[in-house]
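Structures are listed in the sections that come next.
Shared chain: chain A. Partners: chain B in the first complex, chain C in the second.
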Partner chain A sequence: MRRRPGISGLQSAAAARDQYRLVGENVAKIRTDLMKEQLATFRSQLEEFARKHKNDIRKNPTFRTQFHEMCAKVGVDPLASNKGFWAELLGIGDFYYELGVQIVEICLATRSHNGGLINLQELCSLLCQRRKTAREAVSEDDCLRAISKLKVLGSGFEVITVGKKKLVRSVPTELNKDHNEILEVAQAQGYVTVEEIEKTHSWPSGRAIDALETLLEEGLAMIDDGHRDGKRRYWFPCVAPISAALGAEGLRSSS
Partner chain B sequence: MAANWLPPVLLTASGRPVFLPGEIERCLLSAVDLEAEENPALPTLRSGLLVLTSHRILWIDESSSSGCAIPLAAVVHVFHPKKSLRNMFASPRVRIQVSTSPDGRVGEKGTRSEMVTIVMRGKTDPDVFYGRLLEVLRSRTWEASEESEGRERGSGSGEGSARVRMPVVGVSGILRKEQEMWESTDKSLQEAFHDLNALMSKAKEMVQLAENMRQKLLLGSNAQASANDDELGSKQEIQDWLLSVGIVSLVTKESAGALYHQQLSRQLADFVKLPLEKAGGMIALIDVYCLFNRARGTELISPEDLLQACALWEKFDVPVMLRKFDSGVMVIQNKAHSDDEVFARITSLAQKPDALLMGISPSDAALTLGIAPALAKEHMLTAESKGLRLLDSWVLGFLLRLPLDRHNILSINFSSDDESFLITRRQQLVKVMLLT
Partner chain C sequence: MQKLGGFKLPHFFNYPPYFTLQPVRETREKQVQLWKELILDYCRSQKIFVIGLEEDFPLFSNPVIERSLSHEAREVFLSALVAEGRAEWMDKSHKKCLILWLRIQAWADYILNFVKENGFEDSVMTVEDIQSGIETRGTELAGIDRCVLMRALRLLEQKGKAAIFKGTSTDDEGVKFSA
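This part shows the complex of A and B:
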């Protein structure tokens, strides 16, 4: 294409641009065709996999974990949408979304008791009790994945680590460092006293009381003034040992 | 004559060996000698029929209708029939090492061992025999039948006088069965992992391709201001494909998201009308998630689906909207339900005489407004940012107060270095409240 001055030069340049655009569109079209083809192949491969191993995924929690880890490595999210191939062909979408709903319900039911913070193990055991009819085993990893999906909905669903335990938070209350440390101390016996906190962390009394009162307000702590030595104890249902919680369950169900 | 260094074999009337329960014949060789190499005192057995079974090696002397056996459990090692220049013209030999008791009798769990040579003088291929022998040794069929015998015996003598050894055999049989089951599950899982790997490598390719398409989408939307139908169509397709593979693409200003989300968005808007009314105009997103999925029963939606659907409401003309508070809580509320109206109601509540004295807590506000306590708290926090003064109190949760006059505020000493500052503050607060 010789560059020519004047109007004809402009016209030919415009014509050239059009040509390139058409070619570009065609190339794009080819690429979308290619994509369609690739997608079809992928889908059939996934179908094959599902046919052979759908049961394994349902029944075997370790296999499920492996599956999720590999998906994460590749960069796909099998739980992203119920419309995706993964959910459609492997059927794991419903499993996790249902799990999410059940977790929310359990957290809501126990909120009056523990203020919106629940021990992960307690949550799992309550979940298993609820799901006695369903024959699919639920592992801690499954719970964690379901909760991580719930996170996007706001309302503060999160898993936080306090000391050695994992707690599931279902309220948007922010816990600062002081609160976390108090919860850690509480893990030993389920309760703390002001003196204990002051001794272990060497805080001024005002600071300890401040933090404890906030936790009290938020509903995470309960006061026990009935002890013989007269010291006020702050009980934390969320970090109390599971046996105590199950005992309460037993009482509730029997009454 | 059968030597008594090998246990004897029972023969039937027609000369066939009597097999043990579960014993299967594997190989027949004729004209075979059995030689004990190391101990010359043990006689050589010449020219007999060798029968390899799953449990024993039988040597039968047809002329005298007698036979003896080497239990395979006693076989310690088998040597390969090597073909070398030396034995090229000699008869092929397979040597096995068997365990013997101190007095020379061949049996399993012997303390000593003996080398026995199987000399094959007939026209046979030693390799075939060797292969079969190895197979049989590997499968160890005699152990399984021992277990079953032991289990039968064990279960039988359960009630009676306890012979301590019996239950152990039975239990170990059960344990072995468990082990085998695990191994077979393991194998199928191995296969599953293998398939999973193959699938994932394919998925990786898809992800690459999808990323390219997504880049193209972004560039396309930036470059061209005018969208012609073709472009829109393919963009839609691309969104759908990305969704299928499992890559969530964000709803951008130009794109309308996947078709699935568009439909879901409309469906959700219809669904949410009734619960909104019941809840007083505002519901937390997480509650909608539970309600919607429960109503659906199957084919549930993921949290991200919900989010995408709500985000699309901006494009459609629906009477509901998604709202995000500073604390991160997300709610769905009626467009008609405005903030100012809520603040007016809170203020009127705060102006009542007991409220002035005691303040109002989120639960009071919740009762009045008819919404959940968590949401009431959110409203009050927003009210604070809008200028309604909030002072918090230890005992009453949030205390909502109207703007105080200057001279009242000055009467409070804010000495933050003071350790007991916080406690003093409470007392002072009560004083302030009583003043106004």
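This part shows the complex of A and C:
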């Protein structure tokens, strides 16, 4: 025979639920406490580490990159605020803002030569030349970090990847896929011909010429009619190694 | 880096497109600017006063990259210097160009300064002396183009700082300075 539900049955069920909830809350609390404790330990460890290796972080670009990677993995961004503990401890925020300003200056100084598109490698070496007096070495990774901070300003600084190389764009020119592909071909020798482009991409003749004309208009390319074969070459100062030296020269005369 | 008779060539001299006139205005302006500076610097260091457009001139071609400037390009670059008063066409057909890495006025000032520093006030020098004499050796005046020198001296004469007098032949044309 089935028992009908009684008052005491309901009461004991409610009591059990309360008990469970209490235990559950306790467990959760213990877990959070533990987590908090771990985080605190971790933070103090990281601080201690940063303090201990302060000089390495400041002066050694490779070490700095690795430190950044480690921070990224645990979700700490030492650059997030200039006022935070990291800035106080390492002065890292200022370092990158300083780099950012210098990067903008270099981009402006070389713009008339390269049309506002500069090889990351070249930018980095110009930056090093410029900072000769400063003790800290600067790596490409540092440049990238500084540029990513510039984005906040909405000024249109951007890093684009073309083939294997990274280029830094400081003009609002939008490069489409065709332009990127041409730049990629140009990386091999520093220049391209219409014929070459048509052959490598099997484009109809108008397409290559159109894209090259745009690049020319934007000041990213220069024509060269002087070769023996009589074919017009389009040179790209932003990918040609010779521009590194030229850029430096322009910079010196303008500063 | 490449050198030309002790003159250090700029990097753009080895970048082929700089030898072709650029069609886009901004790029062209930059190109002309670089060439102007190069021509003036080179002429100054080598004491060159006259460039013949149709003659071989070391800056007009770069055998290393097998490029040379077209006649049009040469004329564009030199015309840009003329427009700035740093050069003058010597004939109507623009075949010869006088390069003034110092303007005539600057030359006159230079001469006056030279005279003062070396105590030649109230003394007489021949034009020949100034061009190749022992006194001017090691100064910018050594090897100065006769035409440029005479114009500078005439400018000084106008200001009453010098008096030019002629001898029987051009060789003994002389000048008396008065400070």
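Going forward, the second predicted complex is superposed on the first by the 190 of 255 C-alpha atoms of A that agree within 3 Å, B and C clash if a C-alpha of one lies under 4 Å from a C-alpha of the other, contacts with A are read in each partner's own complex, and residues count from 1 in each chain.
Everything that follows uses one rule, which is that a contact is a pair of C-beta atoms (placed from the backbone, for glycine too) under 8 Å apart; a residue touches a chain by one contact, two chains touch by 3 or more.
Bear in mind that the values here come from a model prediction, so they are computed numbers and not experimental data.
Contact with chain C, but none with chain B, is seen for A:Arg228 once the two complexes are overlaid on the shared chain. Counting residues of chain A touched by each partner, chain B versus chain C, the larger count belongs to B. Once the two complexes are overlaid on the shared chain, A:Gly206 sits against chain B while remaining clear of chain C.
Look at A:Glu217: by the touch rule set out above, it reaches both chain B and chain C. Using the contact criterion defined above for the overlaid structures, shared-chain residue A:Gly156 touches chain B, although it does not reach chain C. By the document's definition of touching, of the two partners only chain C reaches A:His113; chain B does not. Shared interface residues of chain A, touching chain B in one complex and chain C in the other, are 217. Residues 112-113, 115, 191, 216-217, 219, 222-228, 233, 235, 237, 240, 242-243, 245-246, 249 of chain A are the ones that touch chain C when the two sit in their complex. Within the complex formed with chain B, the residues of chain A that make contact are 28, 31-32, 34-36, 38-39, 41-43, 45-46, 48-49, 52-53, 56, 60, 63, 66-67, 70-71, 73-87, 93-94, 96-98, 100-101, 104-105, 149-157, 171-172, 174, 204-206, 209-210, 213, 217. Against chain A, the residues of chain B that register as touching in their complex are 188-189, 191-193, 195-200, 202-207, 209-210, 212-213, 216, 234, 237-238, 241, 243-248, 258, 260, 284-286, 289-290, 293-294, 298-308, 324-325, 327-331, 374, 394, 397, 419-423.
Taken together, the chain C residues at the contact with chain A in this complex read 10-12, 14-20, 22-24, 26-27, 30, 66-68.
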